[in-house]
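Worksheet: one structure, shown below.
In order of appearance the chains are A, B, C and D, and numbering begins at 1 in each one.
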Amino acid sequence: VQRIAVLTSGGDSPGMNAAIRAVVRKAIFHGLEVIGIQRGYSGFIDADMGPMNLSSVADIIHRGGTILRTARSEEFKTPQGRAKAHENVLRFGIQGLVVIGGDGSFRGANVFHEEYGLPVAGVPGTIDNDIAGTDYSIGFDTAVNTVVEAINKIRDTATSHERTFILEVMGRESGHIALTAGLAGGAESILIPELDNNINEVCEKLYRGYKRGKLHSIIIVAEGAASGLEIGKKLHEMTGLETKVTILGHLQRGGTPTAFDRILASRMGATAVEMLMSGNAKHMVGIAGGKIVSESLADTFKCKNAIDLELYKLAGILSI
Amino acid sequence: VQRIAVLTSGGDSPGMNAAIRAVVRKAIFHGLEVIGIQRGYSGFIDADMGPMNLSSVADIIHRGGTILRTARSEEFKTPQGRAKAHENVLRFGIQGLVVIGGDGSFRGANVFHEEYGLPVAGVPGTIDNDIAGTDYSIGFDTAVNTVVEAINKIRDTATSHERTFILEVMGRESGHIALTAGLAGGAESILIPELDNNINEVCEKLYRGYKRGKLHSIIIVAEGAASGLEIGKKLHEMTGLETKVTILGHLQRGGTPTAFDRILASRMGATAVEMLMSGNAKHMVGIAGGKIVSESLADTFKCKNAIDLELYKLAGILSI
Amino acid sequence: VQRIAVLTSGGDSPGMNAAIRAVVRKAIFHGLEVIGIQRGYSGFIDADMGPMNLSSVADIIHRGGTILRTARSEEFKTPQGRAKAHENVLRFGIQGLVVIGGDGSFRGANVFHEEYGLPVAGVPGTIDNDIAGTDYSIGFDTAVNTVVEAINKIRDTATSHERTFILEVMGRESGHIALTAGLAGGAESILIPELDNNINEVCEKLYRGYKRGKLHSIIIVAEGAASGLEIGKKLHEMTGLETKVTILGHLQRGGTPTAFDRILASRMGATAVEMLMSGNAKHMVGIAGGKIVSESLADTFKCKNAIDLELYKLAGILSI
Amino acid sequence: VQRIAVLTSGGDSPGMNAAIRAVVRKAIFHGLEVIGIQRGYSGFIDADMGPMNLSSVADIIHRGGTILRTARSEEFKTPQGRAKAHENVLRFGIQGLVVIGGDGSFRGANVFHEEYGLPVAGVPGTIDNDIAGTDYSIGFDTAVNTVVEAINKIRDTATSHERTFILEVMGRESGHIALTAGLAGGAESILIPELDNNINEVCEKLYRGYKRGKLHSIIIVAEGAASGLEIGKKLHEMTGLETKVTILGHLQRGGTPTAFDRILASRMGATAVEMLMSGNAKHMVGIAGGKIVSESLADTFKCKNAIDLELYKLAGILSI
C-alpha cells in the first residue's frame, strides 16, 4: 500500500477531525501518501479530493465538525454512482480507503469493497453510539457532556422555581445519549425508544416526588421516544404542573471534542491505517473493554449497539 | 435603618446570588441586620424568612439561580396579600426592602411602598434586559453568552454540512438577547419582536448567500417574533433547503454568571443598601454609560428598554 | 447491615459528590441508614458526623469538591487515633464504611479493618489515576479535560505568535494526566515521571519542527518529571526560543465533573453499598475493561496503576 | 479611499478575529478593497500581505488568536524599517491602515503617520485593558472570564480542604485583570501593581478570617505586583498555613471570545473603517460610557487607563 484516501460520511460528530489527523499523520509516519476526499461519497464520485500533508491537519484536533465536510449521497447507493467513484480510485491511485462515519456509511463501503475489491477500514463516528461492534463511537462522549451541561443550567433555574423541565435530545432509534446524560445529570425520568415509555408512570413519579416536597423535576426524552413538546403538554394536562421544554437539536453534534473522544479518535484513526497496511480489507475499528478491536464491516450494520439496562435501573434508583 | 430584607422575584437570572451576597455583606459591613425572604412575594406574605449572616452568602457568587428562590405571586397583587406582607414587616422589624427582579416585581414594590411607606430599592435582574432606566440587567450578559456558545456548536456542524439552522431564543416582547447574541454569533438573520420580520426577506437573503456559495446559514429567532419550528417549516417550503431547529428554552436562565454579571450584581446590590441607608425610598439601581444611577421605581415599568437599531444594522452589514 | 457510614479522604477530586450521592441513595433504596462523616478520618476520630437522607444529596451531582470535605489525618495513622474512631463506630452503630479516596486512604481503611473488623469498601477517587486495580479513578477524566481546555487556549495564542509554551500539570509520581491530556491536546512533547525525560531530545524535536516551519510548540510536564519553570529556562538557554510557562496547580482538582466521572462515581458508589450488604468486607470497587470489578483492598496500594506506553508512542507519532 | 490594509500587532487577544472580520466586511460593504498584512509590522516591512474578501473572514468570529498572526517588530522602530513599509504602501496602493493592537502598536502607527502621512485608525486590542482613551479593550472581558473560571475551579477544592490558594494573573503594569476577576470571583485579597501591596495586611486578613472560621482563602496576584510563588512562600512562613500556587500565564490570551468582546470588536472594527473613509487620519476607536468615541492616537500612549478604586474598595467590603 502506498496511497490511501480518507473521507467522513453521514452526520458529523465531534472528534472526526482528530480521527482525520490520526489517519494522515500515522500514514505519513509509515511513508504512505494520503488523499483527502471532500463531502463524503459525493466528493468520492465527483473527484472532489486532493493530497494531504502534515500541515493539512495541524491545529484541528480540538475543532468540532470535519474539515473534509460530510454529506449523505443518494448517488453512491446506485451502481452508476459507485462506478464513477471507482474511476476516481483508478485515476488517483487509491489503494485503500478509511471511512469515518456511521452504519449507513459502512454499508456503502462494504458494497463498494465487494464490487471493486478496494480495501476499506471503517472508523465509527456518530454521536448516537448505536454502531454494533464497538462500545463507543467518536463524538458520543462529547454529545453526552453537551447534554449534561444543558441539564446543569436547567438545574439552576429549576431549583429556583418549582417546575418541571423537559429536555429533548437526539436519538431516533437509540437512547444512548438520553440514558447516559440522564444518569449523569441526575434526571428524574428518562424516556428512550428501546423501552415502552409509559407517560402515566412518569406522571406518577412526578407526583410522588412533588408530594414528598421535591420542588422540581427534569425529564430527558430521546427524540425517538416522544416529542418533547407533546410530553410537556400531556404532563401539564395530567398534573397541572407548569412544564418547560428545551429542544437541543443539532447543537449536540458540535462543540470542541472531549479528551475521551480525541483519544478514541486518535487510536482508531491510527489503527485504521494499520489495518489497511496489514491487508485487513473490510473491517471496522472498534473499542471493547477499553481495547482496540477489529470487527467485520458486515457485522456493524446488522444490528444496533444495545443500551445497558443496568444503567437504566441505576438511574431510577439514584433519582428517587 | 437597622434591619433590611431582601428577596428575589419573577424569573430568576444568573447573578442574582451575587446580588444577594452584595446586599448582605454591604449591609453587615455598615452594621445592619439582614432578613432573607424566600420565594419572592409569596414568602413575604407567608413569613417564609429568616436572618442572614456573612456565611449565608459564602460560596454563592458563582452559582446560577437564587438561593432565596423565586416565584410569581398572584396574592401580592391583591390588597389582602399586601396587608399580610405588611404584618410581617412589622413582626420582623423590617425597615427597608431590596427587591431583585424585573418590572413586574418593581410594580409590586412600588404599590407596596405607596400603601405602607416601606422604603424599597429595586435591583434589575432579568435575562430579557427589557427594564427601562438601566442599560443592563443582571443575567443578560450570561444569557447572551449561553446563546453564543450554542451558536458556536451549531456552527461546527453547519460548516460540515450544507444546511440552514434556526435557533429560537427567549424574548417574548424584547429582542435584546436575539439581537446581541445574533451579532456576536455572526448569525445571517435575526428576527425580533420590535421589527416587522419579513420571512420573504429572510428567504431572499438565504437564497442570495446560497447562490454565492455560502454553504450554511444560522437564523436567530426571538420567541416573541415567531416560532422557531414554524419558521423552519416555512423556510423549507419556500426554499427547499433542509432546516434544523433548536429551542433553547429555560436553560438560558441558568449557568454560572459571567464576570460582567457578577460585577454588575455586586455594584448594584451594594448600591441598593446605600440607597436604603440614605433614605432613598422608592428607586431602582441602574447602570447608564458604565456609571451606577438611581431611577424612580415608577419610571421603570412604564416602558421597555429599547433595542439599539445601530447594532441591528451592523449585524446585517457584517453577515453579508 | 442496617447502618453504614461514608467519608471522603485525601485530595478531593471532581465526582466525589456524585459518589456520595450514589452511596446515600442506593443505601436508602435498600432500607439502610447512612451516616456522613466530615473531613475524612479526622471527622471519624472527632465524631464530626451525622445522618444523611435523600435530600442531603439533592443537587450535588454536578458540583466539584466534596460536601463531606476532606483532610489528611496524621492521627489516624496512630493506634490511638484509630481507637478513638472505633469508639465512634460503636457509639453511632456503624456496621460498614465506604471510603472514597486514594491509596493512602485505603491503606488506613485496611489497617482499621484488620484491627477492628469493620467491613470497609473503597471507592477510588483521585485525579492522578494511579490506584492499582482500576483502569479509572473518579476525577481523572475531569482533570484531563481541564488540562485539555488549557491547551486549547494556549493553542490560540501559540498559533498567533511563534513561541514555545510549557504547561506544568499535576502528577508527582504518575504521568497519567500529562500523557492523556498531552495526547488529546496534540502536545509536541510530554515529560512524565515514569520515563527518563531527556531534555536534549525535547530540544532536538523542538528544533526539527522549527526548521520545518512549525511555528509553535506545546510541551506538557508532569510536576514529578520536572519543574515547568526550570524546563522553560533550560529550553530558552539551549535553543534561544522564547518560552512561556503555565502552572495549573490545584485548579485541576476542581470543576464540574464530566459525564464520564459522574457515571463512574454513580456506578462505583452504588456497588460499594452492594459490597457491604453482601459481606464483602475489605475490597475496593474498580473498573476494568468497562466492567465493575472488586479488588482486594490490600492489593490497591502495593503498586501503582501503570501508564500505557502505547499511548505515549502514539502521541509521538501524531505530533510529528 | 479605495483600498485599506489591516494588521494585528503586539500581544494577541481574544476578539481580534472579530475585529478583522468587521474591518473586512464593513469595507467591502462600502466598496473598498482590503489588504490583510501578516505578522504585524514585520509583515508590513516584508510585504507579507494579500487581498482579503468576504470568505477570508468567514467562520472566524468565534476563534481566539488572530488569523493575521502578530509579532513585535524591532525593525519598525527604526527609520529604515518604516521606509521599507512605506515602499509597500506605494507598491500595494494602500490608502489607509487599521492597526489592531496595544499602545506600543499605536506609537508605531503614529510615527508612521507623521513621517509618511498614511491615515491610520487604531483599534484597542489587549487583555491588559491599560490603553488610555477607552473604557475597554478587545480581549479584556474574555481574559477576566478565563480567570474567573479558574477561580471557580479552585473554589471547589478550596471549600473541600482548608487551605490558602494564590492565583497569579497577567498584568505587568496594570491591575485591571486582577481587580476585576478578583471582585467577580470573590477573592479574599487582590494584589495589584497600582497599589502598595502590604503582605502583612494580607496575612492579617487571612488570620482574621481563619479565626472567624473561614476555612479557605483565595488571593489574586497581578504578575506586576508580586510573584505568586514568592507570595505563597512568604504567607506560609508568616502564618504556617498551607499555600498552593497557580500561574495562569499565556492561556489568559486564548479562548473563544465572549459576546462582549465580539460586539466590542465588531463595533470598533466597523468604526475604524468609517474613520478612514471620513478622513479621520490618526485616531483610535474607543468606547466610553457605552458609546463609541474617537481619540487622538497620540493621547493613547501617554498614560495608562487607570483602575477604578471604587471597585477595589467594594471587593474589600464584599469579601469580609
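As a convention for this text, a contact is a pair of C-beta atoms (placed from the backbone, for glycine too) under 8 Å apart; a residue touches a chain by one contact, two chains touch by 3 or more.
Keep in mind that what you see is a predicted model, and the values were worked out from it rather than measured.
The chain with its C-alpha centre at the largest distance from the centre of subunit A is D. Centre to centre, using the average C-alpha position, subunit A and subunit B are separated by 35 Å.
Between the Cα centres of subunit A and subunit C there is a gap of 28 Å.
The geometric centre of subunit B is 39 Å away from that of subunit C, both derived from CA atoms. Within subunit D, residues 152, 155, 159 each touch two or more of the remaining chains. Shown are all chain pairs that touch, namely A-B, A-C, B-D, C-D. Residues of subunit C touching subunit A in their complex: 21-22, 25-26, 28-29, 54-55, 59, 61-62, 135, 141, 144-145, 148-149, 151-152, 155, 159, 180-181, 183-186, 213, 256, 258-260, 262-263, 266-267, 270, 288-291, 311, 314, 317-320.
Here subunit C touches subunit D in the complex through residues 8, 12, 14, 16, 63-66, 69-71, 146, 150, 152-162, 165, 244-255, going by the rule given at the top.
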